[in-house]
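These are the structures in question, set out in turn.
In the two assemblies presented below, chain A is common to both, partnered first by chain B and then by chain C.
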Partner chain A sequence: MKASYLQAAPLALILGAFLLLPMVALIVVSFFDYDSVQIIPGFVLTNYQDVLGSSVTWRTYLNTLRFTAIVWAVTLLVGFWVSFYLAFVVRSRVTQLVLFLVCTIPFLTSNIIRMISWVPFLGREGLLNTALLRLGLIRSPLEFLLFSDFAVVLAYVHLYTLFMVTPIFNTMMRIDRRFIEAAIDGGARPWQVIAYVVVPLSKPGIAIGSIFVVTLVMGDFITVRLMSGGQSASVGLMIANQISLLQYPAACANAVVLLAVVLLMIATILRIVDIRKEL
Partner chain B sequence: MTTSPLGRRRLLQTAGLAASGTVTGFPTVWAHNVKNVTLRQFGTGVSNLNAIAEKVKQDLGFTLQMTALDTDAVTQKAVTQPNSYEIADIEYFVTKKVFPTGVLQPMDTKRIKLFDQIVPIFTTGKLTPASQVAQGTAPNTVAFVESKTSTKFATHPTEWATLIPTIYNADTLGIRPDLVGRPIRNWKDLVDPAFKGKTAILNIPGIGIMDAAMVMESLGTMKYVDKGNMTRPEIDKTVAFLIETKKSGQFRAFWKTFDESVNLMASGEVVIQSMWSPAVAAVRSRSIPCTYQPLAEGYRAWAGGLGIAKHLSGIELDAAYEYINWYLSGWVGAYLNRQGYYSAVLETAQKFMTPDEWGYWIEGKPAQADIKSPEGKVMEKAGAVRDGGSFYERMGHVACWNSVMTEDRYMVQKWNEFIAA
Partner chain C sequence: MTLGTLGRAAITAFFCLFVLFLYGPTLTIVVLSFQGPDGGLTFPMNGVSLHWFARLFEPQAVGDFGGALRRSLLLAMIVMVVTVVISLAAGLAFRRRFIGAGALFTLTIASLIIPSILVSLGIGLLFNLTGLDPAWYSSALGAQLTWTLPFGLLIMFAVFNRFDRAWEEAAMDLGASPWQRFRHVVLPIIAPSVVGVALFGFTLSYDEFARTLLTAGSDNTLPLEIFGMTTNVTTPVLYALGTVTTGLSFLAIGAALMTMATLRRAATVRPSGSTPLADQTDSQAQIPPVRQ
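Presenting the complex of A and B:
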């Protein structure tokens, strides 16, 4: 046997046992029938009919896609400029490193604690509302700050901007500085340097960051539930609800559909940017 | 009151008696063997407490292993992993789903010593001879089966019990008396426009929809044949009402877990909402006023009990009966009563409570001294009176029991529409 097969074997085994097999089980169960206490092996299409035929599913997907689009746009904008600042404006390596570590601060506490601490900050009697009231900027507390779509997007952006910053910063650091000098020498204005040199050369980083953000937001359920106060729906939440009601086959069918949608989105991103070619 | 020599001696006698009936040889042999017995129990967090397992080891000598799960997971484990437990600590409405699958064995009520002293809610369904049986899955409707081998529920008490009751309570709305600004008397106050954006209901479909039904009946817009077993048109109307209310901005949030409801109330985001009694206690323990408000239309109640797995026999089965007899004998009952729940045999629990504790928790009298939780934390100051009053005032006003509907699957679909709306 060739050595290369042996080298690839450990990862192949792990992926086969812990990714591929569960995935196969997921697909198989999605065709099973169920009642209120157990799943019944069989081959029925009712789970898919329920998923695809219900207007709730479509509305929920639309809502999830809307969240994804908004979060993607905001994290891309914020992430790009943070990376740009780190890569091109900050000169010292040490400062770069320190500032990059600052970006990871949101991850120093657990996800749940972070989200729960938004309540005393954004709540009706929270810090922000109290401060604005005291300053006389508002007359009554801003209700939309918490348990709203705004709150959901805010939490996502807070959480996932780092996933944009890291890959973009990484690709920007690999950009040969002489290209930029050449562009400036050739008479390009600053915005032209960014638009025609930096952005095209950062595309692989942008693509990788986008994949992170899109998959994370599409699959999330806990952020939506806590930040919207249970008032907004997402696909992940729908699946979580079905699991808690023991409707495993329905949850599996839903998961298969979600998987297909996310894979399609990733394929589209990879279609636009060939990561391997440009890395 | 944690050590009571008298109670313990009686229990040891009980152990000997039960053993001599079924095991050949001497009780001492049984007592020796039983030490090697391990009973695995699972159920919801309310009653699967380590303190109980420790006391079992001390009083009965065998090991009780507990697993605490949420209600949905409990149902699933009961049905799909029948060999993974000996004792099922489940709710009565869950029994309606679980028992017909044949994973539990009917219990011989003659072997339950205090069976005759169990609160009649669980046998005849009537707290007092004059009371009405409430709507929903009333415990007495799923408490007995027809014979030792039957899985069919009996309409009247028989010798074969599905569960032996252990814990129950009456649920209502929790309010912030300092923020609502007016007396709260009815379920319909939950949808009063005065509290727009300051109310919440729980997002557990089977229970949430019944709270909604209580509200609709209180408004006078609906009259249900049985709130605990709605027809499709009734579900449609109830969900339409919920969606309309949601769109008008009445709700601040929907909660799913205990701590979420505590945070909503304590932070003042919500001033009136569905709540569970320990959550009210948790808000109050932060020195924030919170009332478990009795309402004119009555309470939504729930109850749980212990069942024995089908696969049990011999010494393990004896130990299981022993354990259940011990459960009713007072120590656990007092422990649960002091947490604000009710125990199945009140008389025995009384012996393990101080007269002041009994007066406060069961009789609805003002506390003479500070009322402490079983862990010794002060729950209420002297002079406090329990919300809703005495046991009879609270359990006597149950409008509906937690339940499983025939149209369960349809209801869940509609509920998801409401959440996604």
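Presenting the complex of A and C:
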């Protein structure tokens, strides 16, 4: 049918121009040379040698992977139980919809404002420290709450849990309720139903959510910059810093490596879980 | 599921805590944005005033708040319209097989998954290499579309997966042309979801930061302006800005939800308890108003 091509053409054109070509530009420039004033077109491997040969790169990747692992585990745990509550504990369709909307709405507001909004809560004179001091639980304000790795992880969980909730909830809603009834009739206890019926059947949703969270955290730079107060590093932030120093070829080589790492991680997830049924 | 009273109570409490976690911080800064003129960035409240909202509109307090807000709203409108039209068209295309469908789908998902800073950097470089000047209405528009279109297409997929083709076939049997089938049968049924796509297009553009950072050119959008403020503004004017921009987002969400509810009512002759989560049986209860 000719109509399909006409209908799909605008999407293909925009993604071609603003995704495919820019990625090609990224790869091309990653082989360019540069000095302190300009970019010199050419074909050199020095950018990649610099990226892969630097211990800073490896430490930064390790730190980013550590953030990713922690945030993945926390968002999975929180996302699973939130989805479970929505899908299996809430009975009415309308309540389900309303509560799901309640979870979705913050996603449609500004990420930066949502990060800033932790300041009056976590700061040295913030709500949490004040409360803990008044209760006599601590003698001096906790310093690690704001501008720390803790704050970074907290902000990630705050921003990205929805990316776990939506696909897992979606998958759980498609689980045939008769499987659960059969398990209960067969004498399964609630935790057995969850462990042996709900979790295995939710795997595609868990995989999709994991892909979102892993890629979002791996590529992030703004959360780390704002919430760590310059005390922590991430691969994205390293790239952003190189861009601000106008070291474009170096930033590009770094970006290509990051892209390869992220795609490898997605491929690994897809190898473990088959998500095709979900699409 | 038979969780037992204790289990149900525990998981309900957990969900409530999660909602508090989602909304608590935002509520805190909304309250703090009404600080008195001598108030600081944290509690206690030092009186209550609109001082910081007034400061927002003084030129020296914030960079170019008015200009950035105008640009962001206009850009969000453009992104919204383009996202709706292109996602809807592509959604229709994907209902049939066509050569390259798989590749286009992969590209769309890649658009969602490739780290935003790489998209931003890539587009910035592309404009640089081709000698074009990046601007919010060209490069930033394209950058934001790489973020909104995948969401739009995924929503359209969800809609057409549940779509009952019998209505279209009935219209075809009655002699409706392809355009009439779309305009009078398909569109009224999917209209609420199209509004959903519009909402995503608008709000995701309005709040977009990472992909806009290196593509906006010389004129900032609002999120870029806010980010600039985080490093040098240490007064509650930052919270006032947060309250205003979050309020605008909520306004957009409210308007979209109301439109969706109205459209749903209009598309349903019999009042049935159908919701967007409705499954096949529910969508069959919806009777589209077929004119002609």
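Going forward, the second predicted complex is superposed on the first by the 261 of 279 C-alpha atoms of A that agree within 3 Å, B and C clash if a C-alpha of one lies under 4 Å from a C-alpha of the other, contacts with A are read in each partner's own complex, and residues count from 1 in each chain.
In this section, contacts are C-beta pairs under 8 Å (C-beta built on N, C-alpha and C of every residue); 3 or more make two chains touch, one makes a residue touch a chain.
Treat the numbers as computed from the prediction; the structure is a model and nothing was measured.
Chemist: Who contacts more of chain A, chain B or chain C?
Modeler: The partner making contact with more of chain A's residues is C.
Chemist: For A:S140 in the superposed arrangement: first (chain B), second (chain C), both or neither?
Modeler: Once the two structures are laid over each other on A, A:S140 reaches no partner at all.
Chemist: Once the structures are superposed on A, label A:F84 by its partner contacts, choosing first (chain B), second (chain C), both or neither.
Modeler: Once the two structures are laid over each other on A, A:F84 reaches chain C alone.
Chemist: Given the touch rule stated above, what does A:V94 touch, chain B (first), chain C (second), both, or neither?
Modeler: second
Chemist: Quick one: is A:N111 in contact with chain B, with chain C, with both, or with neither? Answer first, second, both or neither.
Modeler: The second partner, chain C, only.
Chemist: Taking the superposition as given, does A:T60 touch the first partner, chain B, the second, chain C, both, or neither?
Modeler: First partner only, chain B.
Chemist: Once chain A of both complexes is superposed, is A:L246 in touch with chain B (first), chain C (second), both, or neither?
Modeler: first
Chemist: Is A:S4 touching anything from chain B or chain C once the two structures are fitted on A? First, second, both or neither.
Modeler: So A:S4 only meets chain C here.
Chemist: Enumerate the residues of chain A that count as touching chain B in its complex and touching chain C in the other.
Modeler: Dual-contact residues (chain A): 116, 119-120, 123, 125-126, 226.
Chemist: Can you list the residues on chain A that touch chain B in the complex?
Modeler: Chain A residues touching chain B: 36-38, 50, 54, 56, 59-60, 63, 116, 119-120, 123-126, 143, 146-147, 225-226, 229-231, 233, 238, 241, 244-247.
Chemist: If you look only at chain C, which of its residues touch chain A in the complex?
Modeler: 1-4, 7-8, 11-12, 14-15, 18-19, 21-26, 28-29, 32, 41-43, 85-87, 89-90, 92-94, 96-98, 100-101, 104, 107-108, 110-111, 113-119, 121-123, 125-126, 129, 142-143, 145-146, 149, 153, 157, 178, 199-200, 203-204, 206-207, 209-210, 214, 223, 226-227, 230, 238-239, 241-242, 245-246, 249-250, 252-253, 257, 273, 275-278
Chemist: For chain A, which residues are in contact with chain C within the complex?
Modeler: 1, 3-8, 10-12, 14-23, 25-26, 29, 78, 81-82, 84-86, 88-89, 93-94, 96-97, 99-103, 105-106, 108-114, 116-121, 123, 125-127, 130, 158, 161, 173, 180, 184, 190, 193, 211-212, 215, 218-222, 226, 236, 239-240, 243, 248, 251-252, 255, 258-259, 262, 266, 279
Chemist: So in the complex, which bits of chain B are touching chain A?
Modeler: 70, 72, 75-76, 79-80, 97-98, 101, 197, 200, 203, 205, 246, 251-256, 260, 263-264, 267-269, 404, 408-409, 412-413, 416-417, 419-420
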